[in-house]
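Here is the structure we will look at, set down as structure tokens.
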Amino acid sequence: MFSHNKRLQYSVHVNECNPALANLMLEQFGGPQGELAAAMRYFTQALAEEDPGRKDMLLDIATEELSHLEVIGTIVAMLNRGAKGELAEGVAQEAELFRSLQGAGNDSHVTQVLYGGGPALINSGGQLWTAGYVDSIGEPTCDLRSNIAAEARAKIVYERLINVTTDPGVRDALGFLMTREVSHQKSFEKALYAIEPNFPPGKLPPVKPFDKVYVNTSQGEGDMRGPWNSDEHFTYVDDREAQRAMGDGQGDASVKMTQAQSRAVEAMAQRTASDPDSDPTTGADLGSAQGKSNGR
Amino acid sequence: MFSHNKRLQYSVHVNECNPALANLMLEQFGGPQGELAAAMRYFTQALAEEDPGRKDMLLDIATEELSHLEVIGTIVAMLNRGAKGELAEGVAQEAELFRSLQGAGNDSHVTQVLYGGGPALINSGGQLWTAGYVDSIGEPTCDLRSNIAAEARAKIVYERLINVTTDPGVRDALGFLMTREVSHQKSFEKALYAIEPNFPPGKLPPVKPFDKVYVNTSQGEGDMRGPWNSDEHFTYVDDREAQRAMGDGQGDASVKMTQAQSRAVEAMAQRTASDPDSDPTTGADLGSAQGKSNGR
Amino acid sequence: MFSHNKRLQYSVHVNECNPALANLMLEQFGGPQGELAAAMRYFTQALAEEDPGRKDMLLDIATEELSHLEVIGTIVAMLNRGAKGELAEGVAQEAELFRSLQGAGNDSHVTQVLYGGGPALINSGGQLWTAGYVDSIGEPTCDLRSNIAAEARAKIVYERLINVTTDPGVRDALGFLMTREVSHQKSFEKALYAIEPNFPPGKLPPVKPFDKVYVNTSQGEGDMRGPWNSDEHFTYVDDREAQRAMGDGQGDASVKMTQAQSRAVEAMAQRTASDPDSDPTTGADLGSAQGKSNGR
Amino acid sequence: MFSHNKRLQYSVHVNECNPALANLMLEQFGGPQGELAAAMRYFTQALAEEDPGRKDMLLDIATEELSHLEVIGTIVAMLNRGAKGELAEGVAQEAELFRSLQGAGNDSHVTQVLYGGGPALINSGGQLWTAGYVDSIGEPTCDLRSNIAAEARAKIVYERLINVTTDPGVRDALGFLMTREVSHQKSFEKALYAIEPNFPPGKLPPVKPFDKVYVNTSQGEGDMRGPWNSDEHFTYVDDREAQRAMGDGQGDASVKMTQAQSRAVEAMAQRTASDPDSDPTTGADLGSAQGKSNGR
Amino acid sequence: MFSHNKRLQYSVHVNECNPALANLMLEQFGGPQGELAAAMRYFTQALAEEDPGRKDMLLDIATEELSHLEVIGTIVAMLNRGAKGELAEGVAQEAELFRSLQGAGNDSHVTQVLYGGGPALINSGGQLWTAGYVDSIGEPTCDLRSNIAAEARAKIVYERLINVTTDPGVRDALGFLMTREVSHQKSFEKALYAIEPNFPPGKLPPVKPFDKVYVNTSQGEGDMRGPWNSDEHFTYVDDREAQRAMGDGQGDASVKMTQAQSRAVEAMAQRTASDPDSDPTTGADLGSAQGKSNGR
Amino acid sequence: MFSHNKRLQYSVHVNECNPALANLMLEQFGGPQGELAAAMRYFTQALAEEDPGRKDMLLDIATEELSHLEVIGTIVAMLNRGAKGELAEGVAQEAELFRSLQGAGNDSHVTQVLYGGGPALINSGGQLWTAGYVDSIGEPTCDLRSNIAAEARAKIVYERLINVTTDPGVRDALGFLMTREVSHQKSFEKALYAIEPNFPPGKLPPVKPFDKVYVNTSQGEGDMRGPWNSDEHFTYVDDREAQRAMGDGQGDASVKMTQAQSRAVEAMAQRTASDPDSDPTTGADLGSAQGKSNGR
């Protein structure tokens, strides 16, 4: 069960209202690399986890991410606080409010007009948060790798936000949030490697020899060799013909159908058959200058 | 530039039409862990990549994933081929077609009625593919980790599909596809560790001491210690008070506003102030049996 | 800041695994009337709230909804626990696993194959959760009404779920969750009416006389009068002509354009003008039996 | 059946083209609080409604909302009319057109480039309209509350749009639209309270005593009491322990499984067990400066 | 302005309740080829249309599509009417209600549990309607082609629904709806060809010679010639080399950057450079049996 | 199977970095009329196509569209290349980076902060690509019409982009891409008319006489006649009464229910019946000044 204390995990002291900056911050509130996505990723994993240690860790970090959602949402609320009041109370002239909406930039007009200055579960471009951002699949050796990657991405988005922020209070809080992602990544790494073996994930073994094949599908100037396709670890398949129809078949497709099915498919094929020997007048012919004289 | 050869990368020989199985296969065609998501993840990364080796590798693997999209889509098409013809041509009685739609199960009715038996960019539950599944952010040390995780997830979904498939031809092709994910994961791992250092990602250093703190936010029976929160690598913060207001502040939030902003916020607060000392009759009171006598 | 205790707010004792029932329960986990939507609605409101009483209440209820998310998610996890293990470990024959996936019904195949039996942020039909479900707009007299409505809807979806559930442990927990929605609705009602006046919401007064007009736009057998359009409270506009061009205008639209704009619009109109006096042969004519002889 | 008359319900006389203002107006065309959402909310309710009076009212108001969709869409079309022609006909220099697109602000570039200046079913930030905005659930005592809340929200978004608009013709039409929302809210209120009782919604009674409990989940400085949690109407549960495991249980979760299920779950747990006593070298160790010397 | 008459455009007499059939019908209510998509496609086009004839036609057909939305929605409501009552009132045993939900099939459980038996703006698989289905772009020679295609698609989905329906009243109404799509297609065809010329759409002429080139990008067994790539109308480019770098360039990409930009890009490239000559130990190595001995 | 060559289909030489222009280009990368939508439309059609000629053509064009995706994506990458480096490396002052983000306009801030300057599968407004843009339904006479329309739309969006671009290298590449759409439209036209007959699509004949009826649903000043509703081809139904209840019925709706169903529906109707003769005090009454004195 969750409980809440009104003190934030980290203090937020903003130097001045700035709706455009507020809007950039939404990236980590309702964006794909943001705190709701993080909290929900770990929380949903925790619910179905059988391993007591991982379950505990996932609950710890999910709960902390909710607290980060609160911190970043509070930053948004503070940066928008002035604009919120001014638009709601209509204290300024309309022209001035319009200019201020326009001048702020960065889609912050949506945040003002639709959400009234409150933090909304959108990214900095106004895209609604979707559970498609959560990639948990219920296999720990995958989910931990997903979590490691997610923490790395979140670290970078915070880094970019710090790079465009001058407000010292906002920078300070962003630095805390960015750092916690580093710490969480470390925990998830430890948890992944505490499972042995963890590669390949799952139970079914790979089918030989395809697990050691590297297919050079993109060719031309710029082809490179490196550890990711080195002869030491991979069979490098360069020949176009050898890349096709790997395995025993001819690269073809077939399905056995019942007689009734075959007849129905054949009927459909006949009904919609194209005549390759025709030269039909077309709608485009009708619609073009030349076509019109032909077609009518 | 892409080119195409009509031979598949791997042959597809399906034993019998089975729309319900076809529908499960859509998970890897238009689902979040499927081949379109994979191809687009690597392709979009490749376009902005500066490192020639990684760019080549990303193009190689993206192109191969497109070929996998073709293989899994061909499996779907074969499994649906009979049903496609029968519904299009209306060869059976309506009642029979209805029963066959219903009996197939697994949402395959959508695939028949809406998509006419063709493979659609939906997952096995009918959810439209969305670019929210692609998590590239343009920083190689993150994107490679995302790719590693994505390959691991795809391997598992193929494994689950194999576990529920009896058709030997489908199992054979799924085995190939599953195995290629293992191989791709290896390449991405090599590429990640060929960057040194790659942790923490990005340039900004973490803020001390928060990168080594583990916050035990979830407490009670089930608390565990392990390498992910061990004293050797982390400062374990157990005390509720110490978890709050980390850093120098009080866990509070503030923003400096102009006088005009303060006045507007104050006006809004007054207009919408709630009276904590009131005991108002409410709509719910009006609407309930007891409330009605009170409220009217 | 949030913290977590490993005891649930309400115990969950499930009588037997039932993936189809699990899937129905997702409606209140990742569906539009579910607990995540509730928690996020109140939490985002709380962050920008200026009134201390309402802010406290919103945080209280948001936090409780997160605990409800945990309870309903735990129900899902318990109902899916057996299927999760069996598919992951592939312990049964493929045909048996396929039949069990199919037989369960209710889209539960997605939950198994994609999410591995874990609770996912989808509704019972597999639709990904979207922040479009959250309707907060940052004006308390609106948001409280939205919350009242949301609690009423959630109560009913729980009632329906209880009506289709036989497992006594699940019913018991659902009864608790349903009841809490009633209690929350009461609190939001009290909070709304503790603001005086709260109707009409906002500051701008309605434009007379349109606030007391009822337009009978749907006519014919079935027209009814009642308190919602009674003469006591409304001017009932029945006449079709009087319904149009309310106000002083003619029901027309215009915009003043610069000369350059007018010329550009005129040019576009001319380029794409349709000739009402023509009788053109069309693509459909070409494509139909009769048309072909005409068109070619 | 619907019919249409070419006169608008309210005249639209726009003073000058203004693509940025047009874009703000989209909020009420294709946004969550806009007219399509309103029309569809009431229309879908009407179709399944059994009560003749409510069915009539829902059809009346749904039809009027469609007419409002036409009014607000016409405002968008008028404001964009000049830009539409200029871009379509390419009458200006490219640099001038680019500057004009950029200068307009507010995402109006999408409206120009993608939609050609026509009103699109997006909100002012470009987010596609989704049926997730419609919250009808088929229980009148809920749906009427949803409608009341929706009208209140729409009133406020119109108020905000008026606050940022200087064009007198646009303001005039917005004032009409805003006012009609007030009138509709009144009708829905009357219709809700014409059902007796209407609280709690539905048939199943709440489970005692949980309907009168208020859980103080958020604690600390800022805790408040008010009518929403007053002792007169609620049992105020302040103690953290008493908040957990409400009811008879221990706050734990369980499910009875068959032996086969238990064995499969156990196998999965073993395969993915983490070793809490290990201190594994991790990918992060390999990737960091210090780790590299350890790990290789 | 819209008005409404309570008589339907076409009568709906359903023979028996059938929630599974109801659910299939949703495909044309809230699906991509359904009536809401049609109505909104034509209505949004009409609002910005400059040609009086087309504007009139678009309004006529948009309004009729709204009436079709009413007809198909009424079919859904009738087919669900019994189930709606039974679940709402809980008149049967839970087990019976659960079986009836499960037995109905076709995702109809969502329609019952979430939407209470009312028609919802989802397709037959539960996917929420999205404005992404509307493809209007504000150029009549395109939009009319889009409308022609949309009518053709809608005709086929109705045909498929008729093919699986035995209820004579439902078939009768579906036949009417299907036929009206044919009629609308004819009108749109006439309107397209009443614009002369209408091909190529827009103003900018194609760049010679690329408008007459056919690129045989997919090669191998199955290559075909036909009117779509015949020498009479196209230059058929078969040679792989000739397919690349069409035009004067080398198929390469470049951008001129300022010195500061070049330096920044170079710094990023260096920071994230991969060493192609390394053979790093990876996370996968650590995680696999063999790797563990190497890596630790 | 796909393969790739590192030379582009058309060279991309960009004159200077321009993130705002980059963002506009995203419209054809991840927008509804863009190259991914095109490639996926044709590719999914090809997989289920039975006609060998069309299958070949669809694969040819799908593959070329992937190459166009590469060209437009490369344009985006080049235009963003400088900004990518500067933000990633943080080489400028924060204030300068913030100003540069803000000044660029056009939502390009999302592309920088979230996607790091890489091309993302979003449109120019940040809307995530969705498979809802793909309208294939598996009937060739429909899908070809959809393809024709899609090519026409794509041609126009390229035309608009050219109209706002001054960079000669970008204009040159856009001209090539625009022209290829014209060529593809021609091929699809030829393929459609090579099927005879192709109108009406599908097998079921229209129901007489409704295929030749034009319903004048929108009336008033502006009514027009033209070939789309001319007496020569259509029966023009002008009379409002004749527009309703077409066919033999009364425009009413009915369903036969079992006794149990009728009783349940009746119970629901009674429980939620509204009293048309009441004049209830409402929540709005309570909340308004006047209401408060009445209601309490």
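Think of it as A, B, C, D, E and F in the order they're written, each chain with its own count starting at 1.
Definition applied: a contact is a pair of C-beta atoms (placed from the backbone, for glycine too) under 8 Å apart; a residue touches a chain by one contact, two chains touch by 3 or more.
Small disclaimer: the values here were computed from a predicted structure and weren't measured.
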Result of counting contacting C-beta pairs for E-F and D-E, higher pair: E-F
Repeated interface matching C-D, over half of the contact pairs identical, chosen among D-F, B-E or E-F: E-F
Fitting chain A to chain D on CA atoms, where both chains share a sequence, rotation angle to nearest 5 degrees: 120
Chain centre separation (chain B, chain C; CA means) in Å: 22
Length of the line joining the C-alpha centres of chain B and chain D, rounded to whole Å: 23
Residue numbers of chain F (touch at least two other chains): 1-9, 32-33, 53, 56, 59-60, 62-64, 67, 74, 77, 81, 84, 88-90, 105, 107, 114, 116, 122, 125-128, 130, 132, 137, 139, 141, 148, 156-157, 159, 162-163, 185-186, 190-196, 199-200, 202-204, 217-218, 222-224, 226-227, 230, 240, 243-244, 251, 265, 268, 271, 274-276, 278, 280-284, 286
Touch-based graph of the chains, sorted into line, ring, star, complete or other: complete
Sites on chain C touched by chain E in the complex: 20-21, 24, 27, 31-33, 105-107, 123-127, 130, 156-157, 159-166, 171, 217-223, 240, 243-244, 251, 265, 268-269, 271-276, 278, 280-285
Residues of chain B touching chain E in the complex: 1-7, 50-51, 53-54, 87-88, 90, 94-95, 97-98, 101-102, 105, 107, 109-110, 112-114, 116, 122, 125-128, 139-141, 148, 185-186, 189-196, 203
Interfacial residue positions of chain C with respect to chain F in the complex: 141, 192-193, 195-200, 224-227, 230, 232, 274-280, 283-284, 286-289, 291-292
Residues of chain B that touch chain F when the two form their complex: 1-9, 30, 36, 40, 43-45, 47-48, 56, 59-60, 62-64, 66-67, 69-70, 73-74, 76-77, 80-81, 84, 88-90, 114-122, 128-132, 134, 136-139, 202-204, 280-283, 286, 295-296
